[in-house]
């Protein structure tokens, strides 16, 4: 469906008027929002607004990256809104003319509703024209990125604090999932940041100081977001390396235990095996103290091995 | 063979006319496509068109990287078409003059056929000159990159979702293959992107606003493609690290099992071995409850060891 | 609470005067410091100073990154002070006008007190205006970063010198903690460095040569700090890799010991087991020298195995 | 020895004339090649040509990096020729004046001979002056880099195709050798590329369009070479990681086999050991079916363990 | 102590004259070297030369990074001299005025002595002024970096050539030490390189062509040094990875030996254990050929296992 909003030259804010009034009313600016448009509504881009075919093609195709294209009578933007649940980017296309904003999105975006309400609460703030309306829309979209990244940062910090040998394999899988989420977020946030930079420095758009302060505020947010993505990815890499190192440490300890026990008892078992042989002529077997001598010998070997392992510092592993 | 296409000053589109008509007809622009040229046809570059020897050399040699060279009376481009099957880059050489496009490729390229058909369907779109013809050719070539990268992205996402200890070694080899494919794709896509950037900003070529919108559309696609290559390579690195970490985890579990079983039964076996010795004088053997005492002792050791391993948290590995 | 400091046109330095005197007194410059302001005091930003709402919003929100925004009648800075104990960044907001500095911080910052005292000791040094006052504040804030990084560098060097197989697992956890601290520090120091660079080259601020020398001194410090952060992170990576390599070496040695002992005694134990079988018809058992022959055979195997392991160079591990 | 070549104002090409004729003959340009010069010949740089001492010092010292220095009456270049056998860089120093080229190299370079022959075959192509002579020399030098890199790329691709657990340790050493060769090549190719870029954009050298096309062709080659070095090094890194991952997989399989066999037979051996004890009072030993009961028990344990390992999916390793 | 050197307008070179003569003599330039200055001598910076307090502060503080600050009547440089023994950077501060050079260093630097001697040998080379004196000093300082890096490169190449399983753990520790030395060197060489770049391009310093050639020569050296540091660090990373891979290979071989021997003899030992049981009713024991049948069975198992391991390709490890 289509939502309309307009600010007349007489300083009135009209909402949800029929599209045709655009030609009859005297608007300082108007905003038409294509919200999950039907096939017929999509045709209006070409038939009613007469936008350039390449821009219309970019609207209808999915998965454009954030960008800015200048056409003769309007500028065309692609922004990305990030869905909180699955971190998928939703495309938001925006046409900005001298006195209009047209937005187009195949999914319903709550941010559009929020922007509309903000404008209706302070219409006088937006009297200067459509660029501030565009600002309000983009600001709303970018503000939605923060809770997503805050949540990731909190979880990573939590994991990092609690890393220990016994929990290491639990967090592993989660960390790799977060890494791929961050990769996906980066594919939205980096181009959005570069796009805002272009907007701020665009001669064609010609923002005045007032507008630059507002769009600069969004750019600022995107700078911070891109740094958050980068340092979160580095943190996941550190956690992963930390896990590998905990694993490798634990492996050493496991193998030490196996080696100590095997090294002590395998030779002793061999000795017992020797005197378990059934040869008819084995003199030691008949000695009166043969058994006790052999047991003493085994004890000596046992103690000697223990001392050797203690000398190597391995016995510590039985303590902690 | 050679394909010709020309747009006369009278607004007519001629196809497959003999090469000589170029001098007799009055063309706004013409396009000559050297499609798998024979040795005689190759000579035409020098003899008929009189192109600069360095440009002709670049045509005849294989494995040029995408580039743009300015010569006095034409610009010379090397583009890469990527073959869907083996991801090998095929060279497409393009000479752009004020009123002509000459393309040269040693392999048959389906994209040339497609571009020709597109032009024949809307000849009036191309009346302004050869630059839009060149656009149509390059656009066709670059559009072919997308399905290749989409396929890789889909497969990587699938692998990433399904990573588990039991499948880890199956995907390993595939991941390394994808990495080297991405390396190969990058060697085409990065220079193509830089080339389109040069084309967009070239004063020598002097694109008008209309043409800039069109070539900007291709540049845009190449930007996205290069980001897709980069993040896919990062994703393969993540998958590989994930696999190493799964492997290392599993190794720990394997060694824990071995260590638990060996640590319990090797000492017990030793004790059994001791009482299997055949010394004539072994007092315990004659005790009435000797056997039961030793069995009780063994049970104590068994239970003690189990408790110690449970205390260390190792027994969990027998559960899942 | 609020701290005030002012330099009158008559060359007098006034401290802790009531806010209203700003309008009555003739100040060359004055500095108002909002130190842990109450809710009422926060309102003064808007009601008394009439700062732009976006700047006030940035004051009241936490977790802004260091930045510089130009407004019509003042410049707005966000700086970060780093807390020595937990390496958390505290935000310090600064409004710089032609004749005033206003600072705002929700935590008490010792550096503000220090800056105030420095100014009161040499008031004549600051007669030229508020930019040098701002310099004094920022210099104080950045100077506090050094002891934190020096401490980290010292500890890393100490660890690096003392790395050995027996201490390797102790330092591991510490190294990963330092890495995440450095990540946090970097998020302050990089943007601070970029901010000082902008300040130095800002035409809007228009620093004179004298002021440029002073602010250049801070930029210089931040350059060094960012290099210290970078090389410390590289050093932690080296230590971590060094630890992994020590671990992997030690694992090899552990497994060699286990393999040598098992490879020697397991076959010997098998032979003893064979002659411990109770078959009624085992000719060797009745041989007069059967026992001695078997013992000799075992000795041969024992020596042979030892020679083979010595040939492989494995016996060295028993030495060190 | 010295090789001379000169193009007279009358359009004649003279070769191997004595050095003194430079002053008597009327040359459009001349080229003097110091080929493995003797100590006396080296002095000619200073005494005969009167080159600046810093430039002469750079000639006589080895191991200069590729570079370009402007002096008052000539430009001084250092190029690197790569020896096909050991990939060592040989220095080639080149002085370019308005009407002369002087080259200096302590090793004999086959490329100098080739360049001389090329010039003698088409002298008219070089009539414009010494810059094209310099082009011919550098082109010859850079063309020699390609076969070296093609060979490395071919071998890496071969290794990558054939990686398998049984060959993994054979290729390991080779891969590390290739990595250090690539490091060495990069130290030549990167600075050569940057040098050619400087040459192309040098106002001092003032190349005309014709010369720019020629030097641009070399720059183009060096761009491709530097990309080949980079992607080859990435490929070696991938191969190395692939090998580590194959190793780690194989280790898991080895340990699984050991663990399965030990876990099954060590407990069984313990049971056999128990009934091999020689206590006089062991009731089970006298039971009529004691032996069969114990054997059945062992069979149960054996089958139980096998089922448990199959449940864990470990038995697959015995298949492939 | 202080060393003085001066070139009078009459073309005379004076050495070790008292500081006061600076005001009485007519010097084209003079150089005062503060060599391990006493506390009183340090005061001269402020009292005699009246340098800016920030510059004097930078002199007296240690651990400044290489830099260049412009003050009204002089330029202030911090250079680093690297001590050959411990690779610690020593600070060298240099004030450059229109007719003077003042150097300041808390340690004795042999390079200062060398520079002084060079100047005294060719005083006429330095008649143009203090910039060439500064050149001579910095050139001397940077020349000292080379032997340090050459030594590191030689040792790394040696290690790389000789890597083998038996020496792998010896070189490990050395490689990590070299890595941290290179990190330290880089902290000197990178900022020195950037500083020389600034010097070369500084409008304030205004080097003439002659001086640019000389300072360009130093910049050139620093470029090469920074590349040497970078590729040496990459080489150490390669050596480290190579060692990890050798270790991992060797681990596989160790475990294969253990697994082969255990897998063969543990089951055989079990069988022997079974027939060592003392049940009164064990029919096989009474069979005439029971012993020989069991021995044959064991032989079958032994050979079967060997064949299976040969089939898996594991027996190769016993060869080399």
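A few points about this structure:
Going in written order, the chains are labelled A, B, C, D and E, and every chain counts its residues from 1.
To be clear about the criterion, a residue touches a chain if its C-beta (ideal position, glycine included) is under 8 Å from a C-beta of that chain, and two chains touch if they have at least 3 such contacts.
Worth saying up front: this structure is predicted, and the values here are computed from it rather than measured.
Graph distance from chain A to chain D, where chains that touch are one step apart, equals 2. Considering every other chain in turn, the ones in contact with both chain B and chain C prove to be A.
At the interface between chain A and chain B, under half of the residue numbers appear on both sides, which makes the contact a different-residue one. Here the spacing of chain B and chain D, counted between their Cα centres, is 23 Å.
The centroid of the Cα atoms in chain B and the matching centroid in chain E are 38 Å apart.
Taken residue by residue, chain D touches two or more other chains at 244, 248, 251, 255, 258, 262, 266, 269, 273, 276-278, 282, whereas all remaining positions touch fewer.
The touch graph of the protein chains shown is a ring with every node of degree two.
Each chain touches the next in a closed loop, which from chain B via chain D reads B, D, E, C, A.
In the complex of the two chains, the chain E residues touching chain C come out as 52, 54, 64-65, 67, 69-72, 166, 169, 172, 176, 179-180, 183, 186-187, 191, 240, 243-244, 247-248, 250-251, 254-255, 257-258, 261-262, 265-266, 268-269, 272-273, 275-278, 282, 284-291, 294-295, 298. Here chain B touches chain A in the complex through residues 160, 163, 209, 213-214, 216-217, 220, 223-224, 227, 231, 234-235, 238, 241-242, 244-246, 248-249, 251-252, 255-256, 258-259, 262-263, 266-267, 269-270, 273-274, 276-282, 313, going by the rule given at the top.
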